[in-house]
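Next, two complexes with subunit A in common: one pairs it with subunit B, the other with subunit C.
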Partner chain A sequence: MEWANDKSKGGVLAHLERLETQMSRSCKNLEDPPRETAESDLGTKIHKLRCLRDKLRAEVKQRQARIKASTANAEPDQTLEISEQEAVGGKEENMKAILQAYRFTGLSGKRTSRGVCVCISTAFEGNLLDSYFVDLVIQKPLRIHHHSVPVFIPLEEISAKYLQTNIQHFLFCLCEYLNAYAGRKYQADQLQRDFAAFLAGPLQRNSLCNLLSFTYKVEPQGRSFPFCARLLYKDLTTTLPTDVTITYQGTDASSTSWEEQRASHENLFFTKPLHQVFTSFARNGERLDMSLVS
Partner chain B sequence: MDETVAEFIKRTILKIPMTEMMTILKAWDFLPENQLQTVNFRQRKESLVQDLVLLCESKRASLRDAALLDIIYTQFHRHQKVWDVFQMSKEPGEDVDLFDMERFKSSFEKILRRALKNVTVSFRDAEENAVWIRIAWGTQYRKPNQYKPVYVVYYSQTPYAFTSFCHLKSNTPLLSQALTVASNHHKIVKMDLRSRYLDSLKAIVFKQYNQKFETHNSTMPLQETLELDMHMDSRIIHENRIEKERVQRVTQETFGDYPQPRLEFAQYKLETKFKSDFHGGILAERKEPLRCLIKFSSPHLLEALKSLAPAGIADAPLSPLLTCIPNKGMNYFKIRDK
Partner chain C sequence: MDARRAEVRALEAEIAALRRACEEPRTPGEDTSRARKSLQEIHQSDSGEWAASKDLRGHLGHLESELLFLSTLTGINIINYSMKTEDLTSTENTEKSIKKVLQRHRLSGNCHMITFQLEFQILEIQNKESLSSVITDLNIIMEPTEYSELSEFVSRAEDRRDLLMFFRSLHFFVEWCEYRKCTFEHFKEKYSEAVRLPEGAASSCMVVQSPRQPGFELVIVWRIQIDEEGKVLPKLDLLTKVPQQALELDKNRVLETAPLGFRALLGVLGIEAALESLITSLCVGENH
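Showing the complex of A and B:
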């Protein structure tokens, strides 16, 4: 910073002027002699590049001509290519359809960037019900990234037991729980929807559909007193109840005929899915009607 | 009809906006359709309310009916309450939960009444096997205050319960006990999660917020959106294209493609010692930890966080303290030195 303070030499602007004149002097010394050689060098370079360009242009023209000649002869080859493409495309469509159809096996999956997305498609009595997904990240340890399993299904328990040690068992166990839940839910929904006429009050249920409580009549016209049913499904992997309690609240509760009916109903609920039990009630009702008519 | 009940019904109906009046009254199902048709719904609200209250009087509406109307109003306006989340747990290896809704309700009410005579408990069944419970607290000597009730929403056979914020903290232990015992659980803990948006809280704790799954039936639209921007105008050159693509990819990996659950804030309580590279700074020598509170607020916090890196305001990836919110189910954090 000494020069800035050197007032005797005229300050900053004067200094800059001096630097400028110095620069132009030194440039002039350097420029003049090499200028001519630089120019001639550039000239030869340009000439060389032009020659190269012309050569390449000629080559391109030649190649284009060659290709035109060969494509005229090569048309049958092209059509062969197209049909091959179509065949591959057809196979691809077929494969896609097969992969989509795997859903119907109940357990299918698709590779993802981080692992695999497993799809569990539930079914009951040949009816395809909801699908649930588990997106797995293939890492050590194996973990679940996200899923659509309902919160009341014990997914944490099942994964704590089997996910790290035996993934097949994990998936089959989860399949069992979900299919059983879907089956129980299907039965309860069917009862509410198709046999509402037989119910004397609302169907009480819970999230897992493992406790059902309802009052029903054997005949929708309701000449008889209703039965109270309480179905417990203590085994979450089954679609049939483990406990059935039927009570009859009529005045002639002690009579044997009602006791027989009650016992037979209990047996029905133990052995058949809900909607089938009520279908048989409906059929018996029809038979009774027919007998009355005839 | 009791005067207090009439006043309560009047104030509840007054809260209902005119556009929702018919819907809510129909859901209440206390005044039959033919009676509702005799009322002039085009008059001024005050007169309409008077007519409706008169009808309720003629039908001898009880406190129970009034409480039910209050529940329905709150169900339609759940965002007006701030909801906390409680998590319950069972002993391992317990029997299968055979949840009976009627037994739950009677057990819940019994436990409250045993401790507190002056309490109003009302229930309304909701979809997905859930129940809305309304509790108006009183004290030993005072009747329940119907204007400051607490709501509890419980989905059967789940370990979570959602409660509306209660000013009277003293009744929380009793409420917790009633919930735990009635639902066959053993322990209950309050989660560090709070929001006005009940459905978002449910999505977070039930892990329902990410419902996009890759299947063979669907095609994943991968970097589509980014490429669209690129082709908008060929005269625009994106200088940081590679960096922008990286930010998009990292954001998508962290936040996913799905709509984020709605929270209004995240709060971080720091109790840490000051860490600094400069030796000899004023705070470096301080032995006590610094205490400070940082609160992020937004009409939609998670969407706002998601847009930070793409907007260039923050680096990607964001701090895990911000991105772990839905995964951990927390929006209150306490950070201490380990």
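Showing the complex of A and C:
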């Protein structure tokens, strides 16, 4: 019978219900007639109920068979997936590697449950320096959940200007400030580490490394430190100073050569990174030594 | 009689139960979750791997979205990357607990229409106090090579081994190129009679000619330069081409001072408005 093949639940059930109503109606009709026919009617009822039960059993079996079939269908996929897994795994490795490689562009990051955590990498003259992160919550308004940006970097100012309107600009700007700070810090660290012999005492600096003050000499052997330097980096996005003041505090009478030196030093500090200025001092000192020897 | 009635009752009960089994509403996920459960039962031994594979699919999608975010943010699309390491630690280094590793990186990708291939080396030195990472070599190959402004920039980046500046400046350079192309195309479309792009929209010059006075030409040269610090700046210049007669008639030396005037106009109005006013002033009278 075609209705047995009707897969739609409504179709089969509806038919069964109709059958049932027919039967209950026919049963009702059977209740009134005389007792003599009751037994034979009961027989008919049983027969009809048996039919109904059989149909329902078939229906339930069909449902179960359908489930079994769908699970059976999944089986061959599984073998396909295992061999595919290697290809997929290889692709995953490649993508993970590329994500790591983004740090060389200055900005990398990953998605978080809240939004995104952006990592800003810094470098100076080929030296890879510290990274900083900014954890952003993607909401309206966009906000910073937490970060590792040093307190003396004007993060609030930059985010107030750009965060809501242009996240790319916000990050690039922050990148600029952080890279410049990292570069200035690197120069100051290098000076202290490699040229301590040229300095009278430690280099004086602020946390932002944009105000440096030190007393120095240009030859490692000399006992006096004739020059006093004050470097100010007003533009926080640069790694070279905007203001350089060199004063000569020696007691030497012949002032013209000192004045020349002082002026040339000022120019050097304006144009070259701090530690490179001292490298050239050291090299000049070596040249002088050589001339003494020969 | 009683037995039959009992049978009737039993049948009715069974029918009711079967009906319930048929009517049971199936929640949408129920079939699939049942399937998954039974599948897991069947493949107990391999379920670990198989489940990992399923997770991998979702994980891949996650990685893809992260990559899309980064390429949109930086403007740089990295397609391939690989790294090899070489241990350069000598026995002397090991005694002093110094570790030296040389990393060879290969990276390729594109920034809009410009493709790049980079090969660089990073020397990592780890001693007791600190870890230093220095780029010791940088090689950059870029295509297309018709952007002459770029070749100088690339050499500078290679000399300085400044990888970060390379990527940042490249991104801004390409953005400016796209903006220039869009602007030129916009004006060509709006003033098709007056504006010519003799070298195409991707080039650096736009010629404005009054249709009524074809002898007069204004050539706007828009170059995009990358300075020493890696800052990308547009540089616009105005060149005038006029017939000899007009030059002689020009008592107020308007034409001589035009380039300077244009620079001033740029400062006041910005690029688009300055170009627009230049074109409309030449084509005045066209539209009424």
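By our rule, the second predicted complex is superposed on the first by the 205 of 294 C-alpha atoms of A that agree within 3 Å, B and C clash if a C-alpha of one lies under 4 Å from a C-alpha of the other, contacts with A are read in each partner's own complex, and residues count from 1 in each chain.
As a convention for this text, a contact is a pair of C-beta atoms (placed from the backbone, for glycine too) under 8 Å apart; a residue touches a chain by one contact, two chains touch by 3 or more.
What you see is a predicted model; the values in this text were computed from it and never measured.
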Partner chain in contact with A:R283 - subunit B first, subunit C second, else both or neither: neither
Touched partner set for A:N206, first subunit B, second subunit C, both or neither: first
Which of subunit B and subunit C A:K234 touches, first, second, both or neither: first
More subunit A residues in contact - subunit B or subunit C: C
Subunit B versus subunit C as contact partner of A:K61, first or second or both or neither: neither
Subunit B versus subunit C as contact partner of A:T112, first or second or both or neither: first
Touching partner for A:L42 - first (subunit B), second (subunit C), both, neither: second
Touching partner for A:F152 - first (subunit B), second (subunit C), both, neither: first
Subunit B versus subunit C as contact partner of A:H169, first or second or both or neither: neither
Contacts of A:K96 with subunit B and subunit C, given as first, second, both or neither: both
Doubly contacted residues of subunit A, that is, touched by subunit B and again by subunit C: 96, 99-100, 102, 108, 110
Subunit C residues within the subunit A interface of the complex: 1, 4-5, 7-8, 11-12, 14-15, 18-19, 21-23, 31, 34-35, 38-39, 42-43, 46, 49-50, 52-54, 56-57, 59-60, 62-67, 69-70, 73-74, 76, 78-83, 105, 107, 122, 132-136, 138, 160-164, 167-168, 229
Touch list for subunit A against partner subunit C, complex: 9, 12-13, 16, 39, 42-43, 45-46, 49-50, 52-53, 56-57, 59-60, 63, 67, 70-71, 74-75, 78, 81-82, 84-85, 88-89, 91-92, 94-102, 104-111, 116, 118, 121-123, 125-128, 167-168, 171-172, 175, 179, 238
Residues of subunit A that touch subunit B when the two form their complex: 96, 99-100, 102-103, 108, 110, 112, 117, 119, 133, 135, 146-148, 151-152, 204-208, 210-211, 213, 232, 234-236
In the complex, subunit B residues that touch subunit A: 95-102, 128-129, 155-158, 160, 205-208, 210-211, 213-217
